[in-house]
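In the two complexes that follow, chain A is the common piece, with chain B as its partner first and chain C second.
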Partner chain A sequence: MIAAEWLKLRTLPGALWCLFVMAGALVGLALAVSSGAPAAPSYVDEFRFVHRPLAGDGTLTARLLTQEATHPWAMAGVMVKAGPVAGAPYAALFATPGHGTRLQSGFRTDVAGPSARWLRLTRAGATVTAAVSRDGGSWLPVGSAPVPEGPLAVGLFVTSPGATRGVPVRPAMLRTRPSTATFDTVTLTEPAPGGAVGGPPGAGWRATDVGARRPSTVDDVAVDGMVAVTGSGDILGRADDGSRVAVATTGTILAMLPAVVLGTLVLSAEYRGGTALATFAACPRRGRVLAAKALVAGSTVFGTAAVACLAALLLAQPLLRGRGFTAPAYAAPPLDALRMVLGTAAVLALLALMGLGLATALRRGAAAIGLLAAALYVPVVLTPLLPAAVARWWQRSGPLAGLAVQRVRETDDGFLLPWPRTPWLGLAILCAWAAAALVAGYATLRRRDA
Partner chain B sequence: MTPAAPGPFRAAPAPLAGAFRAEWTKLWTLRSTAALPFVAAAATVAVSAFVCAAADPRTVACADGCDPARLALSGVYCGQAAFALLGVLVTTGEYRTGLITYTLAAVPWRPAAFGAKAAALLAAVLPAALVAVGGAVTLGRPLLAHHGFAATGGRGIGGALLHLVLVALLGLGVAALLRGTTAALTAVLALLYLPPVAALLLSDARWAAWAPSPTGRGPAVLATVTTAALLLGATRFARGDPS
Partner chain C sequence: MDIEVNGLRKRYGRTIAVDDLTCTVRAGRVTGLVGPNGAGKSTTLRMFLGLTRPDAGTVHIGGTPYASLAHPLHTVGALLDGAAAHPGRRARDHLRWLAHAGRIPRHRVDEVLERVGLTAVARRRAGTFSLGMAQRLGIAAALLGDAPVLLLDEPVNGLDPEGVRWIRTLLRGLAAEGRTVLVSSHLMSELADTADHLLVLGRGRLLADTGVRELIAAAGTRTLEEAYFALTAEAVEFR
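Coming up: the complex of A and B.
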């Protein structure tokens, strides 16, 4: 019976089209994303900087009053930087909603400090020393970092990522989310020359959107020594977060439609072509027919998608290496890449089974396609309009949860990758959806006439 | 293209009106096509209401400008699937059952048969689109006002109406061209859903601007695609072998 189903599938032009389009979407989009402008910078440096020049030594102190918790890695704090341009050397002491106080420098060094509201950076020659305080009186050292000699920019900065952190393979793919933080008691003291004292931000201070692709639309507000700064972006160094490997699965969301259609075709083609009667005459047990169809359709989609995904991975890697994503920072794909390739194939196969189950249950291939297309794509299109909590809940409980299996490295927050810390849970949810559809289809098939 | 030979049956008094009435009857007597206008309107209103109930101007999702007019009409992205399905089924249903040969025997001038089909679809879709968009706005506005969004006026309503009607006509055109339900529906859904999703993936505003959507230049793009599909579909309908 499996051989019969396989023969029917093999000779169905629509099914072959589906497989062809699915593989094309996987490979084509991976190539589209991974090729392009050469030499993507291996860092992200995008934030709002309210700064003034610092000719020699000096100390900047600020109290962080509030910070909008837009992302666990949203940053608000004080910074010394060689200039208000992306990529310049820096040392930054900042608070985060999810990871406490950090001292970072050079896109490389990351030191955790005690969480406190008072932040201080002291520059002496080529070294910056960071300290925090809970009351503004007693200061706890956090660490020190090297900075270049000569004049620097010093000031307050705020930034926030919008989704998965990482160095994106295309700069336009960096997702940001504006976050606002308020500071007060901002004082800058310069012991030499002449012991100049810079007060709260006002005259002499400038605001720059460092590394921004478009100018900020939000103005900073300074009232009575209190400063509100709004910025978006991220400050992140040369760490391979897996986005380079995940490029191979960019096309999954497009490949879903042909996968679903193939699942429905396996059934609806029988009714349309009139072979349904012969099929059920040859094997009157409905459950067996449905199981054979599911096995053949699922394994075909799984095999095709796995091959296409692997090809996408192998084709995209050299392209990305040519653009500067090279070892050692961007090492060879980890073993997780295998889970990503097979997981993507499993997601597409399960969606095909869902299509088959739904088409059987509704006895209309077209209705099943329409329903599943809406269920899969409407949440994606509407996500930017919804509050993050609602959008995430929608993605986590629906069939899209299966995409969690594509996560290559643990990150904090994900768009289109629900269930951040448990990739297999997402796949299990999709399995449950597919099983429910197949059971509903079986119930209909048993109850009703062929 | 030649007029039908006089048969033993009574000729319809006004061929075009008769053709329209026949299409109208077919549309409303099939369970699937008769239910779809209601399903489409209900899906649009329900999703719009859900999005408006969940929307919150204080959240970060709205920080860089989520348009309340877009929020109230967001159900269009769900309802369009049902409108497309209706447009497709009106045509491909006849090819599947073989009814098309009788339709063309009754109305031998094929442009008239195709025009009657399009007119009947339009007559069924227009009220459904009005109900869908009207219901979405009527339900969404108080919800948005309750959350503190600014009033939107009538912005976006015309675009959404046009979008839904064009989607149904696109379904008709593509179905007349491809004749298979699955193929036509898949093509239409891919045209509607994949460009905005691809634009989201590539994070490229240039892509997003050219996606067929109810806002911006979306209706103009969709109108162009629909016209092309209708012309191609009508050509195949008029010239091709019906069986």
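Coming up: the complex of A and C.
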């Protein structure tokens, strides 16, 4: 039966077109994204900074009271920076709604720390040491980072990523907005001669929208030692291997449609010219026919997509290097690249199976295509307009969750934010969808007359 | 290999397509399944192959229900809905996948194409075929498994006079080899020179299960056609 279904697929003109378009979308879009315009700056550096000068050594301590969870990578914390200008060297210790406490510096280093409300940065010469505390008494070290010698700016900062974070093309966007965080118990101590023990922000402190195209219209508020800071933007190095692997799969969003169409075509072709009569007369056990179709369609899509993705990866890398993408800081191990390439192929194969199952259940190829296309593409367009909870729920539990398998790094969740927790969980969710569609199809096929 | 039909019944909504059909189709002769349009001929043949689920009753082919046959295409060859081929698929590819599905040796594909006279157009897509060519492709598919039982639904449809004569010779030859040949038609005249035995259906009921000569004798008429009209006069829905 498998040999028969394989021969049927090969001799179905529409099926070959689907495979061709799918492979073309994967390779073509990867090439289009990785060539063209010259390289963008290698970092994003945009945030609200409430700061004062720091001539020599010193310690800044602050307690984070509240932080708006506008984005998993919204940041609120303390920072030392060579100056309140974008791109200046820095070290920052901050809390995030989705990724715990982090120490980052130089757009490269990223260290996770224990979750805590009290944040402290201590500068000694060319080194900054970070520590956190749950009670303001006992301090846990997070790590240290290098900073330039000489005078620096030190202070509180808040930011929340918008469209600036992320890799070139992602299937969906979430609405983002500025985040507000409140701090209290802000203390700056300078042991150097003439250094002062600073209290809460007031005289001597300034607020700057670092790297902003437009100054913030929201004023920071300081009342009774409590400071509310509102900012938006991101602090992120851009040239990383994550996007280099991701670029090989940018075509996924377009390749999904031909994959679905191929799956439905495998079934709807049976109802043209009465082929189904011959098929089910040749194999009265209809479950085996459906299984053979699933196996043939799934493996064909998987194989074609894997080859196309791999080709896209190999072709895009030299192009990206030419654009100035440098060696990775967040090293993507080859295994992750392999997971992305094969995972993308698996996502497309599973979508083809969903198409097959749905077409079998509905007995209408066009209806199955329409329904699935709506389930896949409508959220992409509507997500920014929907209530965040609804959008998140659908992205986590809908078939699109399978795209989580394309995630290279934990930080790589710029556009499609509410991915399932791990890449494999996303693939498992899509597996469940495909299995449900096939079971529904089998139930219909068994019951109905051919 | 006989076909035994027992109490077969199928209803579509309020329409009874086949009503308590019991009969035996014997090997070694051509049996004609005749009846006016809507008599239930196609539904009956589809139920023989398990394509349509009967509401009641059984069909055994050589003692086994179709769905339980170890090698369905080696046991029953069927022509149901013309070619039953995807219009975009080449005639030869259609037979090739059928051969794969039925575990039939590859050389049979070219043999049956030769036998139905389609060798020259084997690489053309089924959708470009004339009605007669499509019919021949369907017959080729039925012959593919060299099966002892042949079920042909309206095989003469669309064939030219030469084709009609060809299929008569073919069917008689197949029966002479000891095969069970069941041919449906809504035109008695098509079967007059071909069939040895007749099953006459009207409104889903079996009106006669008889030899050709016995039917003429019983009706007291001179031609088979007249005998048939006399029999089905009350069972015609669309006239």
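Basically, the second predicted complex is superposed on the first by the 255 of 450 C-alpha atoms of A that agree within 3 Å, B and C clash if a C-alpha of one lies under 4 Å from a C-alpha of the other, contacts with A are read in each partner's own complex, and residues count from 1 in each chain.
We adopt the following convention: a contact is a pair of C-beta atoms (placed from the backbone, for glycine too) under 8 Å apart; a residue touches a chain by one contact, two chains touch by 3 or more.
Here the structure is a predicted model, which means the values were calculated and not measured.
Peer 1: For the three-chain model obtained by superposing on chain A, do chain B and chain C clash or fit?
Peer 2: Superposition result for chain B and chain C: fit.
Peer 1: So, A:L382: does it touch chain B (first), chain C (second), both, or neither?
Peer 2: After superposition on chain A, A:L382 lies in contact with chain B alone.
Peer 1: So, A:A32: does it touch chain B (first), chain C (second), both, or neither?
Peer 2: First partner only, chain B.
Peer 1: Classify the contacts of A:I253 with the two partner chains as first (chain B alone), second (chain C alone), both, or neither.
Peer 2: Only chain B; A:I253 stays clear of chain C.
Peer 1: Chain A residues in contact: does chain B have more, or chain C?
Peer 2: B
Peer 1: Look at A:R272 in the shared chain and tell me whether it touches chain B only, chain C only, both, or neither; answer first, second, both or neither.
Peer 2: both
Peer 1: Is A:A432 in contact with chain B, with chain C, with both, or with neither (first, second, both, neither)?
Peer 2: neither
Peer 1: Quick check on the superposed pair: does A:F280 touch chain B, chain C, both, or neither? Answer first, second, both or neither.
Peer 2: In the superposed model, A:F280 contacts chain C only, not chain B.
Peer 1: Considering only the touch criterion stated at the top, classify A:K8 as touching first (chain B), second (chain C), both, or neither.
Peer 2: Touch partner of A:K8: chain C, not chain B.
Peer 1: What is the contact status of A:A443 with respect to chain B (first) and chain C (second): first, second, both, or neither?
Peer 2: neither
Peer 1: Between chain B and chain C, what minimal C-alpha to C-alpha distance in angstrom results from the superposition?
Peer 2: 10
Peer 1: Touching chain B and also chain C: which chain A residues?
Peer 2: 14, 272
Peer 1: Please name which positions on chain A make contact with chain B in the complex.
Peer 2: Answer in residue numbers: 14, 29, 32-33, 68, 70, 162, 170, 172-175, 177-179, 217, 250, 253-254, 257-258, 261, 264-265, 268, 272, 364-367, 369-371, 373-374, 377-378, 380-382, 384-388, 390-391.
Peer 1: Touching residues of chain A toward chain C in the complex: what are they?
Peer 2: 1, 3-5, 7-8, 11-14, 269, 272-275, 277-285, 449-450
Peer 1: If we count contacts the way the header does, which residues on chain B are in touch with chain A in the complex?
Peer 2: Residues 32, 43, 47, 51, 54-56, 59-64, 66, 70-71, 74, 77-78, 81-82, 84-85, 88-89, 96, 180-183, 185-186, 189-190, 193-194, 196-198, 200-204.
Peer 1: Spell out the part of chain C that touches chain A in their complex, as residue ranges.
Peer 2: It is residues 46, 49-53, 66-67, 69, 72-73, 76, 78, 80-90, 93-94, 96-98, 100-102, 126-127, 141 of chain C that touch chain A.
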